[in-house]
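Presented sequentially are two complexes of chain A, the first with chain B as partner and the second with chain C.
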Partner chain A sequence: MKKKFKKVEPYIWILPSVLLMAVFILVPIVFVFRMALSDVSKAGLIKGFAGLENFRKVTSSSVFAMVLKNTLVWTVAVVGISTLLGFILAILLNNEFKGRKLARAVVVFPWATTLIVQASIWKFIIDTDYGTLNTLLMRLGIIDHAINWTPTAGAYFAWEIACGIFVTIPFVTFTVLSGLQSIDASYYEAAAVDGASYWQKMFQITIPLVRPNLTISTILNIIYVFNSFPIIWTITKGDPANRTDTLVTYLYKLAFYNGKQGQAAAVSVIGFLILLLCASLYMVSVLKKGDE
Partner chain B sequence: MAGTNASAKKKNTKNTVLRVLLYVVVILICLFTLYPYFVTVCTALKSRAEIFSINGTIFPIKAIWSNFTDVWKLAPMSSYMLNSIVIAGGSTLLAMLCGIPAAYALSRMKFKGQTAFLGFVIVSQMFAPVVLLIGIYKVMMAFHLTNSIIGLIFINAAFNQAFAIWLLRGTFLSISPEMEQAATIDGCNRVHALLRILLPVAAPGIVTALIFVFINAWNEYTVALTLISTDTFKPLTVGINIFNGYNMIEWQYLFAASLYAIVPVVILFVGIEKNLVGGLTSGGVKG
Partner chain C sequence: MKMKQVLATGAALSMALSMTPVTASAADKVDINVIAAQYGQQTADWWANFVTEFNEANPDINLNVEVVSWNDIYTVVNTRIANGEAPDVLNIDVFADYQADDLLLPIQDVVSEETYSKMYDAFLAQSEVDGTVWAIPDLASARAMYYNKDILDAAGVEVPTTWDELKDACEKIKAYDDSLYPWGIDMTTDEGQAAFAYYTWNNGGGFVDDDGNWTLNSEQNVEAIQYAIDLVNSGYTNTDPANDTRYDLQDMFGAGKVAMLIAPNSLPTYIATGGNEVNYGVASIPSNTGESVSAGVMDRFMCFDNDYSDEEKAAITTFFDYFYDDARYTEWVDMEGFLPATKTGGEALAAANEDMASWIDILDSCKFYPTAKAEWADVKQGVINVEQNALLGGDVQELLDDLQSEIAG
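Coming up: the complex of A and B.
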């Protein structure tokens, strides 16, 4: 009896967690797949099996290619630039200096602030008519008349990317910083004895040793940024004419504004598959790290 | 002798220059980071007329503190605030109640399917609710939870399980199981061993996971926006957009209300900043 209990016991411990994730994550995944393959009414009722019809409709629309391209640009630009800047910032903050604690506290601010508020602030800052960026630059004497910072859809998108970078940097910085702090000082001492230059130390000690941290932050960021909804939703809602839409804002509009739930589900599945690819890369790298 | 002295001097000057440069760069970065917050505070204290005037100002001409009290009269801010607290608090409690036992099993027991479960935990971290919104909406309809705070609590708790389990498992693995084993031999059962012995020792990790889940749930926007239609059920992140109309944005009120939403979590975050980073990265290494 006791032996039998011992065998079941672990499953009792994990049961609440399994139930919670099964009902609120797994079941929605199943629903999304089912709807993507079904003929769905405007009210969201499943009318019958539709095969790949929803996928055909979505991918044949000219907007979709643009949305996909935007998603790629958005993800690569935000993750790439914030990884570079975040890494540099971590190197700076790893130095001993007065007020380092304060600087670290300040740098964490954008991470803690809800994206919806961040996005509103940036929308206000770059406004042509009353935005504070123009006011500030005019007061400082850098410009003499208000500049239209967002003349085109592309300019709007660039600002959205800038906002995304601003909020993503702290995560990179702190992940890298934790790696930097665990590097044994003796490596650098030995290198100094050998007369290694700053850049040699950087490329031969620092970067290889924080690479696992960079990998984790990059892969997690790809997923967070890919899924990021509030920034674009607040600043442009994907307009004008879907020119600033990414996959998630596009599917949101399809589902909740245009009543095309079947097609929205198809877009979800496409996004889901792209993420699954990233997730498996992440898992492989994490598990590999565990083996080392 | 003199030669080495001169080179040492040269090195010293170079170090001083680098040092000054470091300070300048760090100060500039801090100013840049703080700029949006500076704008938020200044704008929250301005009058509508001042914000929209042609001669823009940096600091408010006269600080209008009443903006901070007006938002409570113009919008159901007390409901928003209370809802945010209940949603974030409830999600944290539920995420911990499910996450602690799971992390305990993963760190102290061996069982079939352990790797598969851990794999699912990692993969589930990859899916933000926004991609699954349509599916989530269907599940919520089935439970009659579409326009409900309870529904949001379940969603937030579920989507934060991965991080909570990951962080807690890392913490538990870093603590030697000997004390608990000794206690179990003394006739103490596992539940007691967990509550009385492991949890107090693991407190720092638990607090970090707790605060992180709280902040995530507090800051959540997309699901709440989709599921909640009744104004008095909205959390702060969704509710404050009452000042962000299609034709007219009341910036002074929007930012005054925003400050209520961001100040508490920024303080919490600064508090756990150090522990959090260790948890994010080391959780994957241990074990």
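Coming up: the complex of A and C.
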């Protein structure tokens, strides 16, 4: 009897979290899939099974390809650049220097601030008419009249990406930093004795040893950034004419501005599948490399 | 899965679950559940007070009012409907989607003849589908042109009434001070449909013809939108009409950066609250036809069809009579800073306040968005999209042709 209980015990302990996950993650996922396959009225009533009609409507819209491309550019640019910069910052912060603690605390700030607040501040900084960037440059005498920092949709998107990078860097930095701190100093001493250069140490010791941390931060960032809503919504709402929309802002507009909840659910499912695919491919390739 | 969405659905679920016990109240009291939109800071307090007084005055009715912010109200209502927990009475802006799903009762089933006859006829007509009126207006707002008197005087410009005069005025203001924006335009996702209305209605065009057919690509509309885009391209407006919302414009007007703009009757309050002071004047929206048309916006009460007994219907009628009681109603409209939707309310407010009187006149010449039509949500987003594409250099005629064929088939 006691033996049997021992066997069951762990499952009892994890039951609450499994239940929570089932209720708050699995059920909504099922709901979204059901909605994506249903004919949904504007008031939100499910009128019947629609097969892949919602998916057909979404993918046949001329806007969808542009939105998909934007999402790709957004995710790759934000994750790629912030991983590179975050990594460099982590290396710097791993050095001994005066005020290191303060520097580390400062790096957390962008991360610890709500995204909406961050995005609102960026929007305020770059505003043509009352932005602080123009004011600052004019006070310093660098420019003599206000510059329009966002003359095109592309410029807006670039600023949004910059904001995304800014808020993503701290997460990469701290994940990598925790990896760096667990590397035994004796590796570097041995390498130094063998006469290894800085770059040799970097590529032969540091990077291989923090790879698990980089993997984690990259995968999580791909998911976070791909699904990130507040920055784009606060700064441009996807305007003008969907030029800065990503899948998430696009589906929000479909659902809550156009009343097309079925199609919005379909976009959501498409995003989910893309992420699932990307994350799986990345995991598999990284795990394979790890085995080698 | 998307964390936000999961959380939102989770929150909605738990909300829906917590709603259920409402019906099980005191034995023989009739329950009425109302969802009301939160117009401002005082809305919730006002309703709380209303409920207390109403329940005291009507001991056999148990009124329950839930005040919900505009950000959440659509999600809350849709979730309730999906769970079979529709409210009895709903205060919101749109009604056509609920009507299309057969969720509503004809409003005259539950509103007394006396209360119904108080409403402006033009307002009631906005809630009519297939010859039946499905909602009654609760309040309205209207738009007019505001101008900065100091700037116009300094630039030696008369208040423009026609499109030619407007262009002229813009040119002179620009010549007077290059850093000013003579004219404010909002073509954002927020409210770009309003810009479409201002220009097309004042050029004899519009969303629909007299029979209610979509006429999005009419000659007048193309000319009107082209005119607005030309104003932008000539440098007469704010630099970024696709991203400057009307609140941005109102701020810039308050700061003396924008010289003229079209704004709602609440603008003076908005500017004062923001701590700005402007020497402003109000005038009709410039028109190309000689007859200025203002844009009206109106919100509504509607009644969901929850298989009512006669007592329940009577209770809802009592609720409406109580709400539209002249003294109580004008107090409410005044508190929210809007315009009244009833004739008696209009008379009372006009008598008390001169500014209000001129607004109530404007209200009389208002046109409204065709919100009773099922395609409205698509049209609204569609015209915003057309405007933004035109700002990016697209051809107005082609864009409107595409939209018209997409909407009207």
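In this section, the second predicted complex is superposed on the first by the 266 of 292 C-alpha atoms of A that agree within 3 Å, B and C clash if a C-alpha of one lies under 4 Å from a C-alpha of the other, contacts with A are read in each partner's own complex, and residues count from 1 in each chain.
What we mean here is this: contacts are C-beta pairs under 8 Å (C-beta built on N, C-alpha and C of every residue); 3 or more make two chains touch, one makes a residue touch a chain.
Since we're looking at a predicted model, the values are computed, not measured.
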item: Partner chain in contact with A:Arg243 - chain B first, chain C second, else both or neither; value: second
item: Chain B versus chain C as contact partner of A:Pro16, first or second or both or neither; value: first
item: Partner chain(s) touched by A:Thr132 [first = chain B, second = chain C, both, neither]; value: first
item: Which superposed partner A:Ile29 touches (first chain B, second chain C, both, neither); value: both
item: Dominant contact partner of chain A by residue count, chain C or chain B; value: B
item: First, second, both or neither for A:Ala191, with chain B first and chain C second; value: neither
item: Partner chain in contact with A:Cys278 - chain B first, chain C second, else both or neither; value: first
item: First (chain B), second (chain C), both or neither touched by A:Ile91; value: neither
item: First (chain B), second (chain C), both or neither touched by A:Gly179; value: first
item: Touching partner for A:Gly259 - first (chain B), second (chain C), both, neither; value: second
item: Common interface positions of chain A, toward chain B and toward chain C; value: 23-25, 27-29, 31-32, 44, 129-130, 227, 229, 248, 256, 261, 268, 271-272
item: Chain C - residues contacting chain A, complex; value: 1-7, 9-10, 13, 74-75, 77-79, 81-82, 97-98, 100-101, 103, 179, 188-190, 238-240, 242-243, 252, 255, 257, 374, 377-378, 380-381, 385, 388-389, 391-392
item: Touch list for chain B against partner chain A, complex; value: 19, 22-23, 25-26, 29-30, 33-37, 39-40, 42-43, 51-53, 56-58, 94, 97-99, 101-102, 104-106, 109-111, 114, 117, 119-128, 130-139, 154-155, 157-159, 161, 165, 190, 215, 218-219, 221-222, 226, 237, 240-241, 244, 251, 254-255, 258, 261-262, 265-266, 268-270, 273, 276-278, 280-282, 284-285, 287
item: Chain B contact footprint on chain A (complex, rising order); value: 9-11, 13-14, 16-21, 23-25, 27-32, 35, 44, 89, 92-93, 95, 97, 99, 102-118, 120-122, 124-125, 129-130, 132, 134-136, 138-139, 166, 174-175, 177-179, 212-213, 216, 220, 223-224, 227, 229-230, 248, 251-252, 255-256, 261, 264-265, 268, 271-272, 275-276, 278-280, 282-283, 286, 289-290
item: Chain A to chain C touching residues, read off their complex; value: 23-25, 27-29, 31-32, 41-46, 128-130, 145-146, 148, 150, 153, 156, 227, 229, 236-243, 248, 253, 256-259, 261, 268, 271-272
